[in-house]
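As C-alpha cells, here come the structures.
The following pair of complexes shares a single chain, chain A, combined with chain B in the former and chain C in the latter.
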Partner chain A sequence: MLYKKKWPLFLFLVPGLLFLLVFLYIPFVENIKNSFYEMASVVKMPGQEFEFIGIDNYKRLFTDPDIRVAMANTLKMMVLTVIFEVGIAFVLAVMVSQIKKLQQLFRTVYFFPVVISATAIGLLFKLFYNYNGGMLNQILEALGKEPVLWLGPELAFAMICVPTLWSYIGFYFVILLTGLSDIPDDIYEAASIDGCSKFKQVFYITLPSLKPVFFTSVTLAVTGALKVFDLPWVLAPNGAPQGLTHFLGTYMYQTAYGLNNYDYASTQALLIVVLGVVVSKGVGMLTADKDEKVAAKAKRARAKGVA
Partner chain B sequence: MDVTLQLEKVHRRKKKISAGMIAIYAVLIFWAVLTIFPFVWVVINSFKPSAEVLRSSFALPQEFTLANYQNAFGKLNVLNAYKNSFIISGTVTIGVMVLASLMSFGLTRYRFRGKEFIRSMIVASLMFPAFATIIPVYKMIIQWEMLGTPIAVILPQIAGNLSFATIVMTGFMQSIPLEMEEAAYMEGANVFQVFAKIIVPLCRPSLATVAIFSFLWSYNDLFVQKIMIAGHKQYYPVCTLLEEISSQYGTDFGLMAASVTIIVIPVMIVYILLQKNIIKGLTAGAVKG
Partner chain C sequence: MKKKVLSVLLVGAMTASMFAGCGNDGDKAAGADGANGGDAAPVTEESGDAADAEAAGNPVTLKTVSMFGGTDPNAEVYAAINDEFMAENSHVTIEDNSQTSDEEWKAAVNADFSVGNEPDVIQFFTDATADTIIATDKLVSVEEIRAEYPDYAKDTLDSALAAAANTDGVQRAVPTTGYWEGLFCNKDLFDQYDLELPTDWASLEKAITTFKENDIIPIACSLNNVPHYWIEFLMLYAAGPEEYTTVPETAPEGWIKGLEMFKTLRDMGAFPADTDTVDDAYVGQLFRDKKAAMQLDGSWYAGNIEDTENTVVIPFPGVPDQKAEAGSLVGGISSGFYITRKAWEDPDKRDAAVKFVMAHTSQEGVQRYWETTGAVSQAAVAVTPVDGATPFAQSIAEYTSNASVIVAPTDSRIGDAYKTLVAQIVKVSTGATTAEDAINEALGVMQ
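So, the complex of A and B:
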C-alpha cells in the first residue's frame, strides 16, 4: 500500500544515518585504531605515517599514577551518585508523595539546578570556595575560626562532589516521583487497613514496586558519573591541585589538548567506554532477578512481533 | 463497639500523621531553601562592588551598583555569547528534530532488510560518550578548515543528540495508528504529504521533548564547545565565555556574580514558563525506561 514503494525510504534514512556514520561510528572505530599508533599530530602531514606501537598505550594505563587517581575519583563519584543523588532523591520523593499541597512547587524548585549549566554552577561554587573572602570562609570567620583552603589537596575532591551531586538530585527526584505515582493507591489502602504502618509500607510496598525505576536511576547515575567534565574543570582546571581532582573525562581532555598526546587520550576514551558498558551491565545483573528477566524477554519478543 | 473502636483508631492515626506532616514539610522546605539559596545569594551579590562581596556576602547591598553588569556587557560581551549560543543550539535543535523524525518515520513505517540491525546500531551508539569520538571528529573538522567556527560545534552536537532523539521518536510514532495514513493514501496523498501533514503534526509532543533536551544539552555542553571553538572569541558561546571569565577574572567577585546571574536569569524565566515541558523533556527517556 502506502509504504510498498521502497525508494522514499532512502530519503528518510540516509541523511540521519550519514550523520551517525560520519560523526559517531567512523570516529569511534578510528579512535580505537588511534590507540595503537603513535600520533605525532592530529592531522597527518603529507607523506607522514604514524608509527604502530601495539599495546604500549594500554600497558601505560596500568602504570600511569595519574590515571589511577582519575579512575579512583570516577569510581568514588559513581558510588557517591548512587548513595546521595538517588538516595536523597528517593527520600524527598517519598516525602513529596505523602503531601497534598505544594507538590508542584517542590518539583519545580528541586529540578531547577538540572537546567542550569554545570559551568555556571561551577563558577557559583568557586565564589563559595575562594580562600580570600569566599562565602564559606566568611562563615568561618564570623564563627571565629581559621579560614580553610577549600580547594586544597585534602578537600578539593569532596568540594567538587558537593555541587555535582547537589545539582542533579532533582533529576532523580522527578524520575522516582513519577515511579511512585504509578503505584496504585489501593495497595496502600489495603495495607493500612491491615494495620501496616506508613514506615513499613515504604519497605514492603514502595521499595519493591519501585525496583525497575531504581534500576534506571542507578544506571543513569553511574554512567553520568563517568561523563562528569564541566564542573570539575571549572572548579579545578587540570585536576588542580597536583592532578588530585582528575576524573577520567578531565584527564582525557588534558592528555589530548593540554599535552597533545592524542593516542594515549584515545586509549583513555576507550577505557571510559568499556567502563560504561561493564558498569551498566553490572547494575543490570545486580538488580535483575529471574521474574524480571522473563518479563524483559517477553517484552522484547512482543516488541519484535509489533515491529 | 467494633465500629467506634475502629473510628477511634482512624482518628488517632490522623493526629499522628499531622505531626508527621509538619516534619515532612520542614524537611522539604529545608531542601528547597538549600536548592535555591546559592542562586539568590549570587543575584544579591552581583549588585555589590567586589570588595563588599568579600566582606559581607550575606547582607543586602550597602551601595547598590550596576558596575558589574556594565563590565559584563562591555568588557566581556555577554550578549554576543548569547547570540552565538542561540545560533549554535538553535541549529542543533532544528537539525536533530528534522533528522530524527525522518529516520523514525522510515524505521516505523517501512519493512526492509537490515531494519533490526540499524535499530540496534542506534541503541549501541548511546554508549559512545563524546570522549570516544572527539579526537577523530576534531581531525576531520581541521581538515575541512572549519575549526573555530560555530559549525564545528553544531555538527558533532547534532550527531551526539540524534540517536537518543530517534529512539524517543520511534517509540512515539509506533503508537500512532496507521488508519489516518491509509485514509490519506486513498484520497491520493503521497508518502511525503503523509509525513508532513499527518505524522509531523501528530508527533508534536515528542518533537517538543526532543527540542528541549537537544537545546539544553547543546547549550550546556562545555566539552565540545571548548575543543571546537577555543581561541576564537567572537564565536564563544555562553559556557565557553563563562569558563574564560572564571580563569581570567577569577578574583573579580562582583563580575563573576554578575556573569552567573546573567546566565541564570534567562534560563530561569524560560524554565518557569515551560517547566512542565522541560521536566518531561529531560526525564523522558528515563521515565519511559
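So, the complex of A and C:
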C-alpha cells in the first residue's frame, strides 16, 4: 500500500468537492427550483417573491415549436458528428498512420483547427458566407454566376454544420491516431504475409482493435453535440434565419438573455442535462455490451484452441 | 534525520510565508477601511502622493459604471472627463467599468444591485428598464441630494430633469443628452436615380422600387438583430400617438396594422436579402458604403456618418392611411447619472460622487458630449450652438426642431415584453406568425 493513512487523501479531495458543490451542484439544484417559478428577474431582489407556477414550463416544452426545431437540430448534429467528425477522423488517422514521412506535419495540420477558438472560426466562416462580398459569392461572381444566400433558410443548417464539424475532426483524429499506434505492427505483417490487402487490413485488424477508442470518441462526439453553442451563435445568432438553426444551447441562451425568460431557460437547461445523461448512458451501455461480446468470443476461441 | 530536518524547515517556511501574507492583507484591509471612511486609522505612509491625498481628503475609490464604453461615441469624452476629474481631485481614484449597453450588461447591472455589489455612480436608463434596480431602493433622489448640495444639477434644464424621471415619477437621474430616431438617407443615391427624398408612403414606395431595380438595397435593416426603429415608427404612424403610447392588454388595431407593414416591405424587397442573418453593424456599413439608400436609426448612429455632405436625416415618410401627423418623432431622454445609497451614506464618497456627477452633467460637460456626437443630440442643458454645421447636422437640426410630436419608444413602457416582440419580427415579416399573435405574445409576457 502506497498510503497507510487515508485521511490526508480526503483532505486533498474535499476542496475540489466543495468547489463543485458551490459552483455546480447547488446552482443545478437551484436551476431545477427556478424552473417551477415565474422569475421576474435573474436574481431575487430584496423583498421580491417569485410566483410558483408548477409544471407550466414543462408543459410549454411540449408545445413550443422552437424547442422542437432546436431538439431536432441537436439530434441531427449528434448523428452528423459521429458520421463526419469521428468517421472522417478515422479515415484520416488510418491514412496518416500508413505514412512515415511528413506524419508529424499532417498531425499538426489536422489538429490545428481545434486550437482556434470557435468564435474566430465563426467569424471566419461568416466572411466566407456573406451575401454581399463574401468569399464564396466573390468566387461565384468571378465565374459569372449569381450570388447565393448561403445562410438562407434552405442552406443555413448545412452551412453551420460544416465549420462546426470541421473544427473538431482534428480532436478525434489525434485520439484515433494514438489508438492506431497501439496496434502491434506484427499483426499487420502477419496479415500481409497471408496475402491480406491493405484495405482488408483496415476492416479485419484496425477496426476491431480500435473499438474501445472508437467508442470513446463516439461518446465524446455525441455528448459534445449537446453542447454546441458558440460557433452557431456567432455565425447565425438567435437561430437565424427565422429560428431554423437553433440548437438546444443557443435556444436556451436566447430564452435566458435575449428574452429574459429565466425560468423557461432553466427548464431547457434541465432538458439538456437529462438528455446528456441519457445519451451518454446509452452510448456507454452500447460500448460495454460490445466489449463484453468481444471478450466472450475471444475467451471461447482460446478455449477451443487449447482443446 | 536529514529528511526530518528538511521537513521541519519546509513547514517553518510555509508557516512564515502564510503569516507574512496575512500581515500584508491586514495592512491592505486597514488601508481599504481608511479609504472607505471606516474606523480604522488613516494610512500614515509619508510618500508625496499620500501626503497630497491627505491634504485633499481621505483617499476615495469611486466605483463607476456607464454605457459610455466600447464603441459608444461618448466614450472618449467620458474617459477624458474622468481623467480630468482625477487630476483635479487627487484623493479620488475612479474604478470605471463602462461598456456599451446590451441585454447581458443590463442583466449584470441588475444582478450587481441585488447582491449588494452596486457601483457608487451609475449612468443607466431612466425608463422601465431601470424599474428592477429602482425597486431595490438603492438610488438617491435628486431632491435628497439637493437638500445637502443645492447646486447639484444646477445647469440641467428642468424639462430635461423631468423627462429623466423614473416610471414612479421620482427624479433620481441627471441626464446629459437625449436622443431621437429618424430616417438616414444617402442623398447622393437619391440624386443619382433622380428621386425626391421620401415624404409620404407613395414616395417611399417609389424609392424602394427604383433602388431595387438598380441593385441598391433600399433599406439597410437587420430584422434578426435590430428591427426596433422600424417597429416604433410603423406602429406610431399606423396607430397614431395616442394608441401608440397606451399599454394595452391585447393587440390594438393600429399596432397590428403597423407591424403588418414588415411583410409588405419585405415582399417589396426593401430589406437586404440576408436581413435574417446579418447584424446591425453590418447593415450600418452597407449604408455608409452607399450600398443601401436608407437606414432608420437613432442619434447615437450619427457619430458613425463620415459623409456628412451627402447624408441627411429626414422624418419618417409614413405608412398607408396613417394616423400620426407628418413629422412625428420617436425620441426623448432615457438615461442619466445616478448616485447609489452606498456612496451617499459614505461620508468620503458622498462628496466625490456628487462632484463626479456634476463634472459630467454641468454645462461644460454636456456641451462636450453634445459636440462629440456632432451636435446632433438633444442636450439636457442650454448648449452653445456650433459654427459651420455640416448639411448633415443642419438636416438633423431641422428634423428635430420641426417635430410635430415627440414620443418615447414602446420599450420604455412595456419593458422586457418588448424583447419578445422583437424576437418575432422575422417571423412576422415572412408571414410565419401574424402581427396580432406576436403582439399578444409580448403583452402576455408583461401580464
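We adopt the following convention: the second predicted complex is superposed on the first by the 273 of 307 C-alpha atoms of A that agree within 3 Å, B and C clash if a C-alpha of one lies under 4 Å from a C-alpha of the other, contacts with A are read in each partner's own complex, and residues count from 1 in each chain.
The rule is short, and it goes like this: contacts are C-beta pairs under 8 Å (C-beta built on N, C-alpha and C of every residue); 3 or more make two chains touch, one makes a residue touch a chain.
This is a predicted model, so every value here is computed, not measured.
Asks: Kindly classify A:A156 by the partners it touches after superposition: chain B alone (first), chain C alone (second), both, or neither?
Replies: second
Asks: For A:Y131, select first, second, both or neither according to whether it touches chain B, chain C, the two together, or no partner.
Replies: In the superposition, A:Y131 contacts chain C only.
Asks: In the superposed arrangement, which partner chain does A:F19 touch: chain B (first), chain C (second), both, or neither?
Replies: After superposition on chain A, A:F19 lies in contact with chain B alone.
Asks: Give one of first, second, both or neither to describe whether A:M285 is in contact with chain B, with chain C, with both, or with none.
Replies: It touches nothing on chain B or chain C.
Asks: Between chain B (first) and chain C (second), which does A:A240 come into contact with in this model arrangement: first, second, both, or neither?
Replies: A:A240 contacts chain C only, not chain B.
Asks: Does chain C touch more residues of chain A than chain B does, or is it the other way round?
Replies: In the superposed model, B touches more residues of chain A.
Asks: Which partner does A:Y257 contact after superposing on A: first (chain B), second (chain C), both, neither?
Replies: both
Asks: Scan A:V42 for contacts with chain B and chain C and give back first, second, both or neither.
Replies: It touches chain B and chain C both.
Asks: Just to be sure I read the superposition right, which of the two partners does A:L143 touch: chain B = first, chain C = second, or both, or neither?
Replies: neither
Asks: Do chain B and chain C land on any of the same chain A residues, and which?
Replies: Residues 42-43, 130, 132, 237, 257, which sit in both footprints.
Asks: Using the touch rule from the top, collect the residues of chain A that touch chain B in their complex.
Replies: The touching residues are 1-3, 5-6, 8-9, 11-13, 15-17, 19-20, 22-28, 30-31, 34, 42-43, 88, 92, 95-96, 98-99, 102, 105-128, 130, 132-133, 135, 138, 166, 170-171, 174-175, 178-179, 192, 198, 212-213, 216-217, 220, 226-227, 229-230, 233-234, 237, 248-249, 252-253, 256-257, 262, 265-266, 268-270, 272-273, 276-277, 304, 306-307.
Asks: Residues of chain B touching chain A in their complex?
Replies: The touching residues are 13, 17, 20-21, 24-25, 27-28, 31-32, 34-36, 38-39, 41-42, 45, 53-58, 99-100, 102-103, 105-107, 109-112, 115-116, 118, 121-122, 125, 127-140, 142-143, 155-156, 158-160, 162-163, 166, 174, 181-182, 185, 191-192, 194-195, 216, 219-220, 222-223, 226-227, 238-239, 242-243, 245-247, 250, 253, 256-257, 259-260, 263-264, 267-268, 271-272, 275, 278-279, 282-283, 286-287, 289.
Asks: Could you please specify the touching residues of chain A with respect to chain C in the complex?
Replies: Residue positions touching the partner: 40-48, 130-132, 149, 151-153, 156, 236-238, 240-243, 254, 257-261.
Asks: Per the contact definition, I'd like the list of chain C residues that touch chain A in the complex.
Replies: Listed in rising order, the residues of chain C that touch chain A are 103-104, 107, 110-111, 113-115, 132, 135-136, 224-225, 272-274, 276-279, 286, 291, 416, 419-420, 423, 426-427, 430, 432, 445.
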